[in-house]
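Take this structure first; my questions come after.
Naming follows writing order (A, B, C and D), and every chain is counted from residue 1.
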């Protein structure tokens, strides 16, 4: 059991709907420093929508989100990113046309300062910056064991590896808070094992707080500290894996149906 | 006042003709997701076929009956358009399924060039005449209300009427017939349509043929208004703002959009144009559409776009 | 066996970030530069220079500019002919109104003017996407066409609306003879190609491509779509504006708005599609293809001595042109550049593909 | 480096020279034309006339004093850059004579190039009005008229109709024009005339190529002008007439430039164009000897370029005249530089500058009644400004005015100032009398 710090992310009474259709209603939960927090629930439970609210892709109609003490009505992607929140996507939102290297490098763009002209002329600073960031990205490449694919366009890579690149791009931002949207969806057993290993390593090596959406209850129970359960956009359970496992609503709504 | 009304009517009627061309765009976009830049070229091609055959057929068959000649020519031209549709599906579309929009757009630009060249090779590049007996001279209405009355261009009136009828027919076709419903299904979701056994290829041929038919009607009307010549394909450019204003996927959008653009550009040209030295209508139409898009990015009746991740 | 990179190890990331990491490429490029800068001006006939090479060079530059917007940032534009026009006429006004304005300065100011207009018409791209944007950019086309014809000050009050320039020189060196004009245009092209390459392989280039490939993800990473898109429009229209200036000053010498009409915009688009979206190299291939093809098609009957009348020839040109475009889109939607790179990949492994 | 260049240059020259030698005795006419695109309907008969005349001369006289006339056509599609490409392609052919671009835009672009290439530029009835001034425009020859002379004559004719130019006071004249250099050229003169006679000139542009003119004609209907001057080309003309009919503007009150007064402009409007007037530089019809020769020697031998029934139409005949002027320039040049020789561009230029086609000469050429005499000089590169008004009666054109001439008093000073402005921009100096002798 890892020691967890105080609350870094506090979601309060979030409600979201797309013209009539309710995606989230009155969701509240918090995330503590350095923990692995899982959000589970059947398809269409609103898990991804929740993440989209947190990093400002969707604007919730009601509720507030507090990120490290600062409270927002709705978030602005840029600002969220600057505050050290990174994110992976359920169905790979990688930059297919770009090489693995470039995909990871985009993760570093926030750290780069040189302006258009310096870049155009490749003046010293721009050049140096490029190399410095490259050093960091190479560390991630080694960490994720994808060295051979550096220059390959991600579009041409096998699915499992693309998932890794997706994670790598998020890690490249040196996040304090990492949102993982079904990182193991569609993976075979050993791929899943690799991925969970990466997640755990990230969590203790870099001390990153992690919010994890996952289908595979097995995995969730193994690696997460606390679990939120969503169903049809409502929160029906919250607590440690054990508590959730024994929660009646959850069983009826989810575990019963799942496996 | 009388003059304002004239401008208004003029605009409405031209607008109706724009929407006739815009209709072609919408039909094809709905069913095959192709933004068919070649619509103008198709109008030209159809009109040329009509004009030339109405001239040739009597010669070949050795009779002298205008009506019959026109009817036959119309039939032949329609046949030609169906062939065009078929060839396009066979040689182009089926190889470009699921390409990005811009690629498909490019392809239709290619088709445009081809059709323009082909049409002129087949039918020549002089000015040809379509005479389906649309009256050329104006009529005056409300003469007792306004001095000199309000001039209405009879030809435009007929043209607008025909356009309206055609639109109604298409609406029926889409709502009532099985094919129409199949088309709508395809428009909504290609895969789904395929999975319930609607043959995409055939559907596309049908849609493009229908679009070809629309192009033919448009061609006949514009042709008898302006004379049939290469430049006829340029009227497509006038229809583009209509399409985006109305929304790429909406038939009523094409109609309303056409009327808005038609009236808008004529009024602007007459009442604002002189301040800038005239000739503003062409870009005014586009700017109008553009400003509108800024408020409603999917156009008047287009479907809303939601980002999913 | 000649073309391979074994044994070429990169000691530093800087080395790895070179434009041409492979030695053979660097050699080839060196030779190419010698060829185009030294050999061609000496041996090429005036016709080859004025009618083919100069248009090719200038249009490559324009295509390059457009490619940054469409190929790298994924924003479709059907109105880039207009930005050429803005560049050309702005440059002309500096040249005509300000005594002793250096040519380069005029061209750059032309580029800047075009940038302003470009950004202005780029603003809709923040809300409008895809085909809607494509059609919206036509607004720029028709508006500029109109402005050049209607607003007297644009043409410096020339009664006919047609303008012309003469006695061009750069720092005292005349830019008159075909060879000189070719070299000047080529220098500009080479310079901008280098700058553009630096941009697209740098941070900003990655932002553009990110927006192109997956705008939502890009935003989540902290890329501002506004900034990325508008810089793309700015850079693109700047380059295209300069190209427009060159087209007027160096190629035509005297021009009217029709020189930059919508056909030009389509032409540019064809170039990058056929050449290859999102590839600097592709812009050159595309330009070469589009410039040379019609001339070859026209010339063919004459060279082969086939008695074919011009009308038919012209119409055939239309048809073949259209057919070829479709053909290309079908066989290689990523353009000649992709063919080129696959060829290189193969060559790299040749003769041992495993 | 520098002498390397000169070396290659010398080589090139040598090649050209030998080429010319090999091709000896052939006077080459590059023919810029457009048989496709928006302006094809009018461009085609024009181009056919030019070709047929060359064929006829070769067939009838075996060329000019034994020098065979060759030609190659290049399709410009009325586009400036394509025209420039054609020019560059054909200008270095051995024995190249002159260029006649058939388009104002191309003329503007070539005007800068011809002085360096030393090839004359023939623009009959179009091009830059100012280029009439041979002292500044050494290589341009707007023979027989410019847009200014045309506009001037039209105003004169309208004056006649009204019974005196003074009667124009307070009248409204609208100029419906092709929105391009071609359409804008006449404006300065019309404004001048408007000042003189106190009529009100309203300018109504039609965006090229002029397919959609509804609002233009709504404006006409709004302004209710007493006369409309139609300055169109290609499809624009017939469309204008159709819209005029649709808005009920009397065709009798419409006067077109000589580029808006041919069969393609009115044929498919038919009755609708009845009463429409337009200038014409030349008579048409098949009666004249030259047309007869063409029919006999070219079309009867089925070597005609276009359809036979097009021979003798307005634009066809104009093409014939234009080509004749070019050929006569060669003939004139040969008189000075040596009969039976192939003339260089410079020599042809002299020929064009010293044309002297009096009635006698025209008769001998078979142009009796087709056109009026013309003679050029170093100062005057136009030679004559004769033109007539003809009117469409629903089925054919027939002349309704006598030969008109532009008013020197008005044109001359305007040309001078315009030419000086041009010379100023281009930093040119006026030619000296000696230069005229060269």
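Throughout what follows, a residue touches a chain if its C-beta (ideal position, glycine included) is under 8 Å from a C-beta of that chain, and two chains touch if they have at least 3 such contacts.
Keep in mind that what you see is a predicted model, and the values were worked out from it rather than measured.
**Q** Using the touch rule from the top, work out which pair, B-C or B-D, shares more C-beta pairs.
**A** Most C-beta pairs in contact, of the two: B-C.
**Q** Computing the C-alpha centre of each chain, which chain sits at the greatest distance from chain A?
**A** Of all the other chains, the one whose centre lies farthest from chain A is D.
**Q** When the mean CA coordinate of each chain is compared with the mean CA coordinate of the whole protein, which chain is closest?
**A** The chain sitting closest to the overall C-alpha centre is C.
**Q** Roughly how many whole angstrom separate the Cα centroids of chain B and chain C?
**A** 33
**Q** What's the distance between the Cα centroids of chain C and chain D, rounded to whole Å?
**A** 36
**Q** Take the average of all CA coordinates in chain A, do the same for chain C, and state the distance between these two points in whole angstrom.
**A** 40
**Q** Where in chain B do residues touch two or more of the other chains?
**A** 120, 125, 277-279, 282, 307, 309
**Q** Check each residue of chain D and list the ones that touch at least two other chains.
**A** 35-36, 40, 44, 179, 205, 207
**Q** Specify, in ascending order, the residues of chain A that touch 2 or more different other chains.
**A** 57, 89, 93
**Q** Can you tell me which positions in chain D touch chain B when the two form their complex?
**A** Checking each residue of chain D against chain B gives 35-38, 40-41, 44, 179, 203-207, 209-212, 214-215, 218-219, 221-222, 234-235, 238-239, 242, 245-248, 264, 267-269, 272.
**Q** How about chain C: which of its residues touch chain A in the complex?
**A** 12-14, 17, 195-196, 198-199, 202-204, 206-207, 209-210, 212-214, 216-224, 231, 235, 278
**Q** Across the complex, what residues on chain D touch chain C?
**A** 4-5, 8, 12, 33, 35-36, 40, 44, 47, 72-75, 77, 79-81, 84-85, 88-89, 92, 104-105, 108-109, 111-113, 116, 128, 179-181, 184-185, 187-188, 205, 207-208, 305, 425-427
**Q** Spell out the part of chain C that touches chain D in their complex, as residue ranges.
**A** Those in contact with chain D are residues 42-43, 45-47, 50-51, 55, 96, 146, 149-150, 159-162, 164, 166-167, 176, 179, 251-256, 258-259, 263, 295, 298-299, 302, 309-311, 313-315, 318.
**Q** Could you please specify the touching residues of chain B with respect to chain D in the complex?
**A** Against chain D, chain B makes touches at 3, 6-7, 10, 14, 120, 125-129, 136-138, 151, 153, 155-156, 225-227, 229-232, 234-235, 238, 265-266, 269-270, 273-274, 277-279, 281-282.
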